[in-house]
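Look at the two complexes coming up: subunit A is in both, with subunit B in one and subunit C in the other.
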Partner chain A sequence: MAMEAASTGKKERRSGILQRTDVRAGWGLLTPAGIVILAVTIFPIVYSLFMSFNNIQLTTNGFQFTFTGLQNYKDVYSAPLFWHSVGFTIYYSVITVAVELFFGLLIALAIQNVERLKSISIIVMLIPWALITVISAQMWGYIYNGVYGVLNAILQGLHIIHTQVNWLGQPFTAVVSLMIADIWKTTPFVVIILLSGLQMIPKDYYEAALIDGANAWQSFWNVTFPQLRGSIALAGLFRILQAFGIFDLPFVLTQGGPGTTTTSLAMLGEETLFTNLHFGLGAAVAISTVILILGACLIFLSAFRGMVGEEAQ
Partner chain B sequence: MKARTRNWAAVVSIASTTTALLAGCGQTQSGNTANGSAAIAPKQNTVSTNVVAPTHLVNYSNASGSIVWAESFTTGPVAKQLVAAFEKKYPKIKVTMQVQPSSTDTNRADLTATISGGSSTPDVYMGDVIWPAQFAHAQLAAPLSDYLPKSFWNRFSNGLVQGATYNGKVYAAPLFADTAFLYYRKDLLQKYHLPVPTTWEQVKSEAATIVKKGGAKYGFVWQGADYEGLTCDFDEYLADAGGSVLTNGKASLNTPAANKALSFMRSLITSGVTPKTVDTFQEPQSENVFTQGQAVFLRNWSYAWSDSQNPTSSKVVGKVGVTALPTFAGHGSSGYSTVGGWDLYLNPHTKDLAAALQFIDWMTSPQAQEILAANSEMPTIKAVANSPTLKKYSPVFALLPKVKFVSRPSQTPQYPSVSKAIYDNVNEALAGSVSVSTALKNANSQINSAQSGSGSGGL
Partner chain C sequence: MTKPLSKRILGYVVLIAFLIAILLPFYWMFVSSFEPNTDISSYPPAYFPKHWTFQHYAEAFGQFHFGRYILNSVIVAVVSTFIVLAFSSMAGFAIARLPVSGKRPMLIFLLIISVFPPLVVITPLYMLLRDVGWLDSYQALIIPYTAFNLPFAIWILRNYFLQVPGALFEAAKIDGSSVFTAFWRIFLPLTTPGLFTAAVFTFVACWTEFFMALVFNPSNTMRTIPVGIALFSGQYTVPYGTIFAGSVVSIVPIVVLVIIFRKWIVSGLTQGAVKG
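Now for the complex of A and B:
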């Protein structure tokens, strides 16, 4: 902008040359960012793709590649554990993201309507999100612990349960326990995005709704929700991107167990790459995960548009 | 939960051996069950027989230079003490310490990334005893036996060098060893007039008695979580029952011995002797229950002794006894204990080979091994391990002649997948979500496919 403004005076006389200078300057300005993106995003993705088509042997001279085409993918897709991880990751992501969006919306609306201590409410609400996951996971570990866990102590004190429940050591409760910890952790993130969306809705709309005699539910359904559509989609997308890459919570709380119950795709990929040192297979898992995430985002967006898109217009 | 971080490291993947290794930790061809007890001479290999002759013998007696040592002690003064003593003796060599992540798997990922990227440092690094095959196969470790004279390997307790050997070459020098013991509450056994158990059946019945009479909340705690430590616990019961993970290189978990081992582990939970949450216990959790005075028996590594005697974290100081792990009735006088510990590895890209070798040589010398023993780490060389003064450092050292050792089947580069096949399925059976026989059947087929090292077995 500044460059354009400075050059407008001369533009009339020697526009051709100056435009070229502009273009050159533009590229010049883009280059640093471009290099960074190329180095930390594009290159790793392309390199992973390349790795996934090769059998890779570590040697003292570095990686030794043997092109094997789709063999790694065939191997990965023939492993029951991979499909189990896909199933767990999808199941886990769909439920946590849906619940987080629901609670996130409720909490955002509540905070929006708080008169006093609004900033304190926001800060308190943000604490779970601000804590480093491995640390809060460790904390959940103490809560869920079957022997000296807080949850069992409370439930036993209230006479809701009579024997200790092994929360993380049984397949069903382990999955639910992870989901609760995840929802606790990331709902604040959804709240923040939705809060900013709420604040952008012009007050006039609500006044107009009030004049038209709309009750609270009607004004939510006809004003707030359609106006919030974009923010919900954004929060949902971010959450899907993260949820499909879930790693730290099960890594700390269950190590993927009991058995392989809570082994997510990211854990499977990490283990294949860095514990088993099978780089080709690990790359194939990683690329498959990326494709799955992209697919999930597309499905979410089109489903979301189908659900609320028309109404919003 | 104080869990010295080093414990984490020493133990997550597991610990080691020593004196009694003299008694024979000779691995069978299948790489699994070790033979012998203190009274029996080793049936298998003696130390250096399988080591090939050096190809590039290096004379490092006048070495000088500067090396980086990646150490995983992470806490305590041990590493600093060692480096200070080394630099005093060899002033021409400067050693820089590089502290590694305390989690064994993170440590491995870090070393793999660094060394496969061609970095010349760390020149020497500490690694788990179960890494040699995998690291040799991936050329992350240099074959030490190519540079060191054959006689170098005679200093180590029997069986240890074998564990660091892959395709005839030795890829690591054993630094310190570890193994498991049965810790018990001597005050409770006394109160209820019960003997120190020597069989697993006895552990179970005595624990049940004491819990029933209100002596303790839980009977027996151990490591049942979904991780490497469970492979160690399972291997011990398996060896006690007369089985092994591999027989002639093939998985052999579809056997009556394996069934007996896993059924017993599961029965500890179903009978209430072991809390059902044991399937989420790693070392710190199980140790914590014991040191808080809530359990009668604990299976843990050698460091649990000093932890149990530390008044800031333990409520059972002075009430703890330690003995060799029991076995199943009719299977001898004591049970098998898993071999663990840490080795020193050489980075193949090192730029200061002579200085690195001098460092490795000194770290496995009596002077360094005495420093380790004084810090409650089991020495790996005979000269120190067999010394009668060793017991003054820890009562567990005195038990070593009684201990029988079992090694994990880590002679294959695919060991991580093999072990995962074991602990995933055993953990599921402990949780009760699959039957013992299904778990063993699945483990068996997954081990075989993992061992092929290709295809979907690599996941």
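Now for the complex of A and C:
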């Protein structure tokens, strides 16, 4: 798409004066958006980097900065809780995104040829996407409740468990409960992206595969999957970005607990900054999170290299 | 193309099971919002409520100021959406149709900043807002929400402006219209689907945002819906009835939005542009 832009630029090269007013109008139109983006994203990112090299005290005269070099990073990286959060954020993200892509793909494949109920299905699938995460967290908190939660009632009714379980009170079940709430909210989003990817595959490809004598499995691996890789990459990339920043769900559902089991990087950052008021340390956590997220995107994209390029055109 | 019957039945079974799985938690929240407190915390719970009450709705809007949270959310989301539409359509038009240099780096730059998590900008913004005394204000949220939603909106609108033939721009200029008139009178009306998409995505993002709203606007009168619902909890018990009454009310506009704009949402999700 960027290539198109370059070529239209050349095509529009006209006489000098017209050209210059167009250029000036162009920069004029770009200015408001540019100022807001620079002021609210670029300046704070650079400032965060600067903060992470300082010890910052909140005094009656405002914020006092003392340059301390890499001390904040040393403190952060020597704290076991930081590494625990990194580990939790990574395995939480990898597992939920993998499960969402897997189920999303299975569901999209199964329902792609259903002709009725189309608009009602789209509406129902879009609602979790547009739902306030805090609401879904409260909803699941009530379902998981150890005293009067409906999940216990259902599982007891089915004789799967015998006594009520405090799902959010034990490390393992708390993590799984968070994951299920997340998967419930975002799988429909993955299904929608993959469904529209499936619709773009030309029907002749399947007919050709059929003529070549391919069975269902072979036509999936040789036609569907390669054609769908762009959509999978898009859904996966978006979900990884979101999952690595996970904050709302554990904030409401587990408050990072039990203990610190479900403390994600974003929660640790927020706590360091706004509960403990360690602004320098918090900035070091934030910068480390950005590096981790960029790394995760690069790893994911390199696994899908080429395919995403096609999709972006 | 006709599919074997078994495959079609499987499709319907999976679809219906999937839709039920999405809707069940909503059903549970919805009926609980109408149950008296004793039924909400009874075990085993009744799958269909025995007694109905509007008490929680009265509480949410009475003692818990939920009306105020809704008003705050509406103001922040609507104003941010309008600013995003104005700024992003101007920028998108300039990138798509005007001979400014460095378009490609600009677009890549927009992609990159939309990857950064709010965590990295939140502290400097907090310090800045604190210094100018703007914590607990509408602009404390409107400004960052505008900035965070601009990149996606610019990408979407740029794609729509590219679909409008460039010859129209030349024709308008020959007729003596200024660049701005051409943008406002000719191009903008032709890209309404793009404006809808950008508007819905911005509105939903502002409506659901929690992190910045929690940090920048914590006082009870300036909370948005997500912050209000997250901090509803009482001293010893969680007032689920009230929480769910507020939640049900705040889901209504989202459902209406999804029903009206579903086509544009799906096209926005699948543009292959920045993110959803």
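What we mean here is this: the second predicted complex is superposed on the first by the 265 of 313 C-alpha atoms of A that agree within 3 Å, B and C clash if a C-alpha of one lies under 4 Å from a C-alpha of the other, contacts with A are read in each partner's own complex, and residues count from 1 in each chain.
Note that contacts are C-beta pairs under 8 Å (C-beta built on N, C-alpha and C of every residue); 3 or more make two chains touch, one makes a residue touch a chain.
Computed from a prediction, not measured in an experiment: that's the story for all the values here.
In the superposition on chain A, no contact is made by A:88 with either subunit B or subunit C.
In the superposition on chain A, contact is made by A:171 with subunit B only, not with subunit C.
Within the superposed three-chain model, A:73 lies out of touch with both subunit B and subunit C [touch as defined at top]. By the touch criterion stated above, A:259 is placed in contact with subunit B alone, subunit C being left untouched. By the document's definition of touching, both partners, subunit B and subunit C, reach A:147.
Between subunit B and subunit C, it is C that contacts the larger number of residues in subunit A.
Of the two partner chains, both subunit B and subunit C are touched by A:274.
Contacts of A:53 after superposition: neither subunit B nor subunit C is touched.
Look at A:63: by the touch rule set out above, it reaches both subunit B and subunit C. Comparing the two interfaces of subunit A, the one with subunit B and the one with subunit C have residues 62-63, 147-148, 164, 274, 285 in common. Residue ranges on subunit C touching subunit A, taken from their complex, read 1, 3, 7-8, 10-12, 14-15, 18-19, 21-23, 25-26, 28-29, 32, 40-45, 86-88, 90-91, 93-100, 103-104, 107-108, 110, 113, 115-128, 131, 143-144, 146-148, 150-151, 154, 158-159, 162, 166, 173, 178-180, 183, 204, 207-208, 210-211, 215, 225-227, 229-230, 232, 238, 240, 243-244, 247, 250-251, 254-255, 257-259, 262, 265-266, 269-270, 272, 275-276.
Against subunit C, in their complex, subunit A makes its touches with residues 1-2, 4-6, 8-9, 11-13, 18-19, 21-23, 25-27, 29-30, 32-34, 36-37, 39-45, 47-48, 51, 62-63, 107, 110-114, 117, 119-143, 147-148, 150, 152-153, 156-157, 164, 184, 188-189, 191-193, 196-197, 203, 230-231, 234, 237-238, 241, 244-245, 247-248, 251-252, 265-266, 269-270, 273-274, 279, 282-283, 285-287, 289-290, 293-294, 297, 311-312.
On the side of subunit B, the complex with subunit A involves touching residues 105, 108-109, 112, 116-118, 134, 138-140, 218, 225-227, 275-280, 285, 288-289, 292, 294, 348-349, 413-414, 416-417, 420, 424-425, 427-428, 430-434, 454-456, 458-459.
Residue ranges of subunit A in contact with subunit B, taken from their complex: 57-60, 62-63, 75-76, 78-79, 81-82, 145-148, 164, 166, 168-171, 254-261, 268, 271-272, 274-278, 281, 285.
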